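Following are the structures in question.
In the two assemblies presented below, subunit A is common to both, partnered first by subunit B and then by subunit C.
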Partner chain A sequence: MTTFLQIVAIVAVIAGTFFSLVGVVGYVRLPDVYTRLHATGKVGVFGGVLLLAAAVSGTSLSIGKGLVLIALLLIIGPVTSHAIASAAYRVGIPMVGQRNDLQRDGALAGQRLAGEQGQVQDG
Partner chain B sequence: MEAILTAVLYGSLLLHIGMIAVTMWRVWRGENVIDRLIGADLLSTFTLAILVLIALISQQSIYIDVALGLVALGFVGTIALSKYLADEQMF
Partner chain C sequence: MHYLVVILPLWLLYLLLTGNGEVSNLIVGLVLAVGAAALLRPLPRPIIWRRVPGALLAAVQYVGVLLWDLARSGIQVTRIVLSPKLSIEPGVVAIPSGCASELATALSAHAITVTPGEMVVEIDADGVMYTHCLRVDAAAEYVARAQTMRRDLLQRIFV
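== the complex of A and B ==
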């Protein structure tokens, strides 16, 4: 039984590290703030959760705490990404790319910085 | 099987330390303040990952408690900072 759990731990650690790597490469390479947020969201959710799955199956003492931590991470990841994205849009950081749904709907106009520079690309 | 697990854990730990170095370099070079905020959030996530790896390597579950404390309290800082950046006041 323990060898099976250790195999699960090995696979989970490798997958978690792979997703963290993808997240960091995305954080360095992607053009603008919003796409970078998309990448770093993966690190927190996939990397952390898979590593914790390995920890839960590896050290057999912390099953309860590990599951609580996994649930917490699954909630916290999207919340922080959304908070940072809306802060970035309010500060008025322009979006690189074609579509700007927020501006077309006029839901949340990026006033300050965009107002001064006045170059938020249109959709 | 035990040796493979510890080898994989140490390799993953090394990779995570390299990733933290890359993130710190990117935060140092960050274009605007939001990038640095994302980098800070990423760094706290990586400390969580390293804590979990140490918990696995040393087979002690005390590090999972530390990680729980870090995650539960760390994200409040990010949200307070992003609200401060958005509205110039936090409350």
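== the complex of A and C ==
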């Protein structure tokens, strides 16, 4: 059983490190704030969850604490991505891409801090 | 009775964090949970006990879907990021949440942010979620279907 848990821990550490690394690579390669948040927000959280799973199975961290931490990470990760994206949009950071329903519907137009900024094709 | 919804999760959280099943610890946790619940506002409506098992089942299913989505999301974004061509076509799509309550809308937005290639940027007053997608064409149809499924689960949890 101990050996099995250790193997699980090793696999989880390797996978978690890999996904964290992918988050960084995505941050470098993707073109704008919004796409970068996909890489850092989601892949980063996934990597973190795997590393926590490794900690639960490989170290003396109790499973209860591990579960609570994983749950908190799952709640907080997407919320921070959303908060950063929302703030970036309100400040008027340009978005790469053709389709933008947000601009089409004129939602939150009055709340934007920067004035009428057109859609910029390349960030 | 209304406080039980607050007290039980708080007690469970305390026990998970302390990881100690002794009687004294159980009592301390219960006292702390009751004390914390006493400081909070009572819930606006009573619990319908008949619906609790169904709601719990839906909650477990919801968390399972969320974890599965997170794993797929990680793998999908990894494939996009590591592919030499970086084949993305980003854009923002409007998705109506279809949920009545604000809590359910917020949870839908959270779930969408976890699903592969999507992230909610804004929610307007009518509950329309403006979702940023890494691949607009592929996302639009899938998102609508997934949202219907999540809305049904959320309605079972929060009835």
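Note that in this section the second predicted complex is superposed on the first by the 106 of 123 C-alpha atoms of A that agree within 3 Å, B and C clash if a C-alpha of one lies under 4 Å from a C-alpha of the other, contacts with A are read in each partner's own complex, and residues count from 1 in each chain.
Keep in mind that, in the parts below, a residue touches a chain if its C-beta (ideal position, glycine included) is under 8 Å from a C-beta of that chain, and two chains touch if they have at least 3 such contacts.
Since this is a predicted model, take the numbers as computed values, not measurements.
Trainee: With the two complexes overlaid on their shared chain, look at subunit A and say whether subunit B and subunit C clash or fit.
Mentor: Aligned on subunit A, subunit C fits beside subunit B.
Trainee: Determine, under the contact definition given at the top, whether A:G47 touches first (subunit B), second (subunit C), both, or neither.
Mentor: A:G47 sits against subunit B and subunit C alike.
Trainee: Going by the contact rule set out at the top, does A:P94 touch subunit B (first), subunit C (second), both, or neither?
Mentor: Neither partner.
Trainee: Answer with first, second, both or neither: which of subunit B and subunit C does A:G26 touch in the superposed model?
Mentor: In the superposition, A:G26 touches subunit C alone.
Trainee: So, does A:I7 touch the first partner subunit B, the second partner subunit C, both, or neither?
Mentor: Only subunit B is touched by A:I7; subunit C is not.
Trainee: Just to be sure I read the superposition right, which of the two partners does A:T17 touch: subunit B = first, subunit C = second, or both, or neither?
Mentor: After superposing on A, A:T17 lies in contact with subunit B but is clear of subunit C.
Trainee: Please indicate which partner A:S62 is in contact with in the superposed arrangement: first for subunit B, second for subunit C, both, or neither.
Mentor: The answer is both, since A:S62 touches subunit B and subunit C.
Trainee: If you stack the two complexes on chain A, which partner ends up touching A:L37: first (subunit B), second (subunit C), both, or neither?
Mentor: In the superposed model, A:L37 contacts both subunit B and subunit C.
Trainee: Output check: A:S86 vs subunit B and subunit C. Expected answer is one of first, second, both, neither. What do you get?
Mentor: both
Trainee: Between subunit B and subunit C, report the minimum C-alpha distance in the superposition, expressed in whole angstrom.
Mentor: Minimum C-alpha separation, subunit B to subunit C, in the superposed model is 9 Å.
Trainee: Taking the two structures together, which residues of subunit A meet both subunit B and subunit C?
Mentor: 37, 43, 47, 62, 65, 68, 79, 86
Trainee: Considering only the defined contacts, which subunit B positions touch subunit A in the complex?
Mentor: Residue list for subunit B touching subunit A: 1-2, 4-5, 8-9, 11-12, 15-16, 19, 22-23, 26, 32-35, 37-39, 41-42, 45-46, 48-49, 52-53, 55-56, 59-61, 64-65, 67-68, 71-72, 75, 78-79, 82-83, 85-87.
Trainee: With touch defined as at the start, can you tell me which subunit A residues reach subunit C in the complex?
Mentor: Subunit A reaches subunit C through residues 19, 22, 25-26, 29-32, 34-35, 37-39, 41-43, 45-47, 49, 62-65, 67-68, 74-75, 77-79, 81-82, 85-86, 89, 95-103, 105, 107-108.
Trainee: For subunit A, which residues are in contact with subunit B within the complex?
Mentor: 3, 6-7, 9-10, 13-14, 16-17, 20-21, 23-24, 27-28, 33, 36-37, 40, 43-44, 47-48, 51-52, 54-55, 58-59, 61-62, 65-66, 68-69, 72-73, 76, 79-80, 83-84, 86-88, 90-91, 93
Trainee: For subunit C, which residues count as touching subunit A in their complex?
Mentor: Residues 13, 15-19, 66-67, 70-71, 73-74, 77-78, 80-82, 86, 88-94, 109-110, 113-114, 117, 119-122, 124, 128, 130, 132, 134, 136.
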